[in-house]
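One structure is given here, and the rest of the page talks about it.
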């Protein structure tokens, strides 16, 4: 009998990073070596992470598929499952069902410039594809990352931001909201859309990948259009309440699309065809 | 019901209210709630034996409130619901116009809430006659027989929450069952969890239920859950000599403490 | 397999029922004490009703139970284990006397559960299901099977379809290998047909579903939705009685260090259905949820899965506390 599609892999927490007071990153490894062998995923996909007895929660796979042997997830303590997850320790068990969803079309982006824009806790869904393209650096031209958060404390992946900043082949612009800076903050101060407009990256032969809270997307889109980006060259990930992850429970249905199957990666051109129910 | 139609038309034409909540006849002949915003459409308002639903449930519904000031066709249970909603601060007293309907289907002249209170106080507030017989029958059973009866009935429950949604007093934006830290009642519809749900709901309504019977009527699988809430209404009256929905400033029967409360069970 | 039509006399029908009922689970309709029609396992033949128009609940719970355990788990100190449910333990069920609308719904459910990746829980139950359907000789004002491409004697989803004749005997249309196996087990009960005509009720067509689907693709912003859903109280009654609704919730239930994960029926009519933990709710008023119900069944499913999300049984309308009559709404939609 084939394995039930509802049965999770059992994973062990290998590493915990406390990104901010309420955001954690877990590195998970498969308890079963055979499963680890057979497992693969692509950038953009997500999974259902569970604490057995509390429930499941949907996060992207935040690590890059170019790095084998583990997967990572980043989450904020928000509800029942994320709070239970945050109470776990090294060596504890986490269930993982996946990978689900579609992927960033990175093959189509080869030879182009990449502009990554993210806000706050929305950097994790992009981190997988950022590292994926950095690990295949020679296939892409310029890589620019614009990342902003409410305050310095709210920036996630601080260690990696430093790594990206130090690399000569990546341009990193970080910003915090006005009032969120610390005395020794050396990055920009201002909201992401304004900082983006000031940086004015060229839209020529460039793909923009944008991820953030709805309000950030609402104000960043006009800036991208002003800079000359076409709808089909802007990508984003949609979030919606999900349960099964494979288009059967009905929760994430928006128009004739299921965010768990036809997404979470969508081009802006596709988003414009969807009713605004996400 | 020409006087009702005329009054509704008048209220809409004067812009005293933006919507009249009443009853209309559906294509299968059943009466159903109607929301009249156009004075010309007031003609479709009806009132007869088919009109039993408690319309007060719409007074706390966002999309109806957003239309503007409301007038509502109100039989006795609806009037009592309105009083309860005002005393629980879910409605502003002067935000609705009450189109009172007497027991024999005539339009009453309810000028303000004081008049409505007077009408309510003169009425019989005990459980409706048609349910008194059933309640008496059930009360004759032994506790074991009662438990078996409810276990059998509640095994049919599918947790559709029609009972909760139809009740004007169940207006919580987040019901106890929708909290998952902790999950007080199991999500799934198994007999044990169903019993927990119905007992919980009856207790949350004790002292607040105005015996309209909507919960039982709305149930798609025919569970007489209104008998549970009505039983508690009787019990509250026995202990506290209070019926719900008789004034705008009712204090909550089960959570108000008076210095002269009976303490014979403690002292 | 080519359809074979046989005659089965009333007494033989009883014998067939009893043969089946003694050897396996038979799910058949009876009239309950409060006059509602419900399906029970292995009732006595004399209790089985052949004159029902619709049961209160649909029969979807033979393939999609209202609660289904997905697995059991234990959380020990260093080790967690998951125990699968043994789907081989699912027994064969003979569904007796369900009408063509209910039986056609199995196909719709399959288009959800077996789309792209197969849900074994559903698939196994469907595999073990044998459907002896019953054509309708009675209907009422809530029926609208003819508006959604079906008929009171549709064969879709049935393995054998019984149709009543004037003299009380039945035609039995043997439609599939599963149906054939039932006949082969008791061949003496089935005879050659006579010239008798079956009594099939007529259901007036109320709307054309293809036209409705076409109209819906441009109707998202239409004020129709708010105007027609103000009275909807937002319960899940229509979803739960519907034979084609299949949205579900997945929950964990713990008892100390052990527990299980199950799925249970859910409804897009509930406010909680699309609520994000952040507090954002894409469908936070009832008109949006009502629109989702209709659009999902009549616009999104046909476009995406090539199947219509409705079989015209009328349960949603007859079970609704506030008379949200779906056929009436669809008729109106066809004309906007």
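Letters A, B and C mark the chains as written, and numbering starts fresh at 1 in each.
Note that a residue touches a chain if its C-beta (ideal position, glycine included) is under 8 Å from a C-beta of that chain, and two chains touch if they have at least 3 such contacts.
Small disclaimer: the values here were computed from a predicted structure and weren't measured.
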Category of the chain touch graph - line, ring, star, complete, other: complete
Chain pair, B-C or A-B, that carries the greater number of C-beta contacts: B-C
Central chain of the complex, centres being mean CA coordinates: C
Inter-chain centre distance, chain A versus chain C - centres from mean C-alpha coordinates, in Å: 40
Geometric centre distance via CA averages, chain C-chain B, whole Å: 33
Intercentroid distance (Cα basis), chain B paired with chain A, Å: 48
Multi-chain contact sites of chain C, meaning residues that touch two or more partners: 249, 251, 253
Sequence positions of chain B contacting 2 or more other chains: none
Set of chain A residues in contact with two or more other chains: 55, 79
Footprint of chain A on chain B - complex, ascending: 180-181
Residues of chain A defined as touching chain B within the complex: 55, 79-80, 83
List of chain C residues in touch with chain A within their complex: 70-71, 73, 75, 78-80, 82, 84-88, 112-113, 115-121, 220, 246-254, 259, 261, 263, 266, 268, 273-278, 280, 282-283, 288, 292, 296, 299-300, 303-304
Partner chain B, residues of chain C touching it in the complex: 34, 36, 56-57, 66-67, 141-142, 226, 230-231, 233-237, 239-241, 249, 251, 253, 262, 264-265, 267, 270, 272, 285-287, 317, 319, 321-323, 325, 328
Chain A - residues contacting chain C, complex: 1-8, 10, 50, 52-56, 78-79, 82, 91, 93, 95, 214, 239-241, 243-244, 246-251, 253-257, 261, 275-278
